Amino acid sequence: MRAPDTSEILLEVEGVSLAFGGVKALRDVSFDIRKGEIRAIIGPNGAGKTSMLNVINGFYHPNRGAITFKGRTRARMEPFEASRGGIARTFQNVALFKGMSALDNIMAGRTLKMRRGLLWQMLRYGPALAEEIEHRHRVEEIIDFLEIEAIRTVPVARLPYGLQKRVELGRALAMEPDLLLLDEPMAGMNLEEKEDMSRFIIDVNNHYGTTIALIEHDMAVVMDLSHRVAVLDHGVKIADGTPDEVKKNQAVIDAYLGVAH
Amino acid sequence: MSGVLYSLVALGFVLIFKASGVFNFAQGAMVLLAGLALVRSLDLLVAWGFPLWAAIIFGIGFAAVIMAIAAWLIERFVIGPLVNQDGLTLFMSTIGVTFILEGAAQMIFGSDAYPLRLFPTDAWFLFENLFPGGILVNKLDVWGGFIAGILVAGLAIFFERTKTGRALRAVADDHLAAQSVGIPISWIWFVVWLAAGLVALVAATVWGTKLGVQFSITFLALKALPVLIIGGLTSIPGAIVGGLIVGAGEKIAEVFLGSYIGGGIEYWFAYVLALAVLLVRPQGLFGERIIERI
Amino acid sequence: MLYREAGQFKTTYAEDMAIFPIRQDRMALAILLGIAFIGVPLLADFDIWPFGSDYLLRAILLPFLILALAAIGVNILVGYCGQISLGSGAFMAIGAYSAYKLGTGVDIPLAWLGFAISIPPLPVLLSILLGGLAAAVVGILFGVPSLRIKGLYLAVATLAAQFFFDWVFLRVSWFTNYAPSGSVNAPTLDFFGLNVGTPIERYMLCLIFVTVFAVLAKNLVRGNLGRQWMAIRDMDIAAELIGIRPLYAKLTAFAVSSFIIGVAGALWAFVYLGSWEPLAFSIDRSLQLLFMVIIGGLGSIMGAFVGAAFILILPILLNRIPSELGVPLSTETITHLEFIIFGSLICYLLIKEPHGFARLISLGKEKLRLWPFPY
């Protein structure tokens, strides 16, 4: 993939370390994500990739290190700060609201953008109704984009896995994020579904200009989609660069083949 | 000391929760069922001319059988079908079971208050030379404490040493995994509910002597809840300690606060105490920490 | 064939988001409202069956309306927001007693501060609404711990509220205006000059309250706040990560829910009972409301009505049917049968259809859309 036009840094993590009891999930990891790029984070199982996303999100708090987002540096992120600041996320095991329909799930993603308070909503008249309709418009655009019109009103628990992942992506998109964190968006999909999802990810990046950080195991996808790749193994960053550079890196090959080191 | 009596009821809760993650609102109703079965069969046998000791043995045996039947029915028709639901659904189903048990028990065995005389109910006055008048120690409370001690020891041995006990702990941790290694879930849960039923029977013998076997015994379940919260839902020793704390706390509060605020404090004191503990230490004094993962 | 969406095209989002998008549903609702607002008073005025005597109005429709209102409140907290509450009876009591004090004049002598807080008796409507507000405030207080305490433990906290307030209204005589017997009488019901006394007038009053609150509640749960509540219920961690603030969502759920329950409590005391004791709001009431919500359907406004109807009518049926069939059962046995049936129904519904009768009704409607075709 050609590199994005700007080299402005959107998010940077420096020296982040995270340990759970005796388990060291992350050890002194540093890398940056440039605005407008698609950044892949790869590595064998247990490398600490999801933990890294959780730290960026504010779900885990690192023991050491700093996170700089949009120019502000802090020792840890709070979930509310992250979502307010424009970070959205999907999860490995789909974290949709099972009791609601697809449409409602995506509408829930508009929460931060909705202004009208309790009393207006109760009356559902004038401004409150107008706001609901305006956000419905935006959500319908996303539904259109993700080609899930037919399943709008279906309770998500009844949807097949691939469609659930799409709805989850839609919910993240509804937040109009600056940074989108995708945790294994292609997991469990067949070839056709992967092509669809890849197409969506590229479109989101091109069309909305959203910066994307994604964790993925399918190497072909990673090499095709991403501008730059960071490789983690046992909590340590072992490579960082363009897909071509990383592909040829011996340490990376060793890590994946399981060579003892 | 009367706190120990609450612990007896609380033990039944802990058993079921520890082994299946289900909070059994129906424990109080089980005490009622056990008590009614016991006392009615006892009275009947005595009326038929059985000597007291024989009547007691058969009565207890009969009540145990009734509890076994109840355990089997509950597992088969309620808990089994709901095996994959979340804790809240299971909890609400136990509320349903409570009502069924209360209705059925009274319909079959009668709904009067039946006195039970299995233990001495008078009191000792201890330490009369140290304190004027001595300390009033209720014999029933002492018996209750003694029985609770035996129960705790027995249950601890059961869980740690026996094969079934291990299986129970496995099921509590992850019942899908337990099934995949061949542990028969239905049987295990039947055993759990049976054990809880027998604990309820023991509780019924003590409480029945104290209060008489009647409908209001079911409210014991409500009293046992704060005991559990304070002690920790998964801890057997916690149930005992919690019971002692609640029992002592209530009496102290009654004495000290009662003069200021008015009587009847024991109605809610235990709950407010539990609430305070929850805020500070949500898993109770001895419970396991609850970790949420995503 | 009768019940079909075909041909009903929605051209605006507003139409699509209406409460009853299907025309047949709207007609059914119109008929129901017509019967409720016009039919019932007419029949009652002319003593036409089944309103030949006051019984149906006084003993069935009136409690049905008020308990349905309370059930809506409980459903918001338990069904939509997923916070289990076993203390709704206490909130009804708070509403009732606050309204009572405000309706009979509040006098708090603060001698140590040198003055007294004195509020003259307020008009009944205001007292009822402020009673609801008082319940809402207490609801918020009890909602604060709900951030740290979840699920079952929260149920215990609500039980603490229940028992504590049971005691407060029993022992603190200030609330009963120092009545020696502990029971109190409602103030006269004067609404804008009209006195509400006869059963039909009471019925209309409650009908108006219930309709208004049902609409407001439905609007809330359809909007963003409702989605926030459901998100918290389904997965509160994910909810936080998309920008929902759990504290705000939970506290508003507690507040709105308690307000509605408090108003229902005031109505129950003033309009239905007339004179009452704290026992009217004990844990039995809390469990009854919870059952209504479970049976009727968690997370459904209509479910509250279905559940309330069911719980009220079943005992009556149980009382009447055996004697009609010639099988005499003692009242005790009937009570026990009630227990068994309720318990079994709860278990059955939880197993088969956790969303209660409301879902069964929607499923029925789905089938009806295809009728008479099988699929």
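So that you can tell them apart, the chains are marked A, B and C in the order they are listed, and the count of residues begins at 1 in each.
Everything below uses one rule, namely that a contact is a pair of C-beta atoms (placed from the backbone, for glycine too) under 8 Å apart; a residue touches a chain by one contact, two chains touch by 3 or more.
Owing to the predicted nature of the structure, the values given are computational and were not obtained by experimental measurement.
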> Using each chain's Cα centroid, which is most distant from the centroid of subunit B?
Replying inline: A
>> Top contact pair of chains, counted by C-beta pairs?
In response: B-C
> What whole-Å value do you get for the distance between subunit A and subunit C if each is reduced to the mean of its CA atoms?
Replying inline: 42
> Any idea how many Å lie between the Cα centroids of subunit A and subunit B?
Replying inline: 49
>> Centroid from C-alpha atoms only, then distance subunit B to subunit C, rounded to Å. What do you get?
In response: 33
>> Could you pull out the residues of subunit C that touch at least 2 other chains?
In response: 237-238
> Of all residues in subunit B, which are in touch with two or more distinct other chains?
Replying inline: 294
> Considering subunit A alone, which of its residues make contact with at least two other chains?
Replying inline: 59, 91, 95
> Can you list the subunit A residues touching subunit C in their complex?
Replying inline: 57, 59, 79-80, 82-84, 88-89, 91, 95-100, 104, 107-112, 114, 116, 118, 121-124, 128-129, 132-133, 136-137, 140, 171-172, 175
> Along subunit B, where are the residues that touch subunit C in the complex?
Replying inline: 23, 77-78, 81-82, 85, 87-89, 91-93, 95-104, 106-107, 111, 222, 225-226, 229, 233, 261-265, 267-268, 271-272, 274-275, 278-279, 282, 292, 294
> Once bound in the complex, which stretches of subunit C touch subunit A?
Replying inline: 12-14, 17, 216, 219-220, 222-225, 227-228, 230-231, 233-235, 237-245, 252, 256, 299
> Which of the residues in subunit C come into contact with subunit B in the complex?
Replying inline: 82, 84, 145, 148-149, 151-153, 155-157, 159-160, 163-164, 166-167, 170-172, 237-238, 283, 287, 290, 294, 332-333, 335-347, 350-351, 354
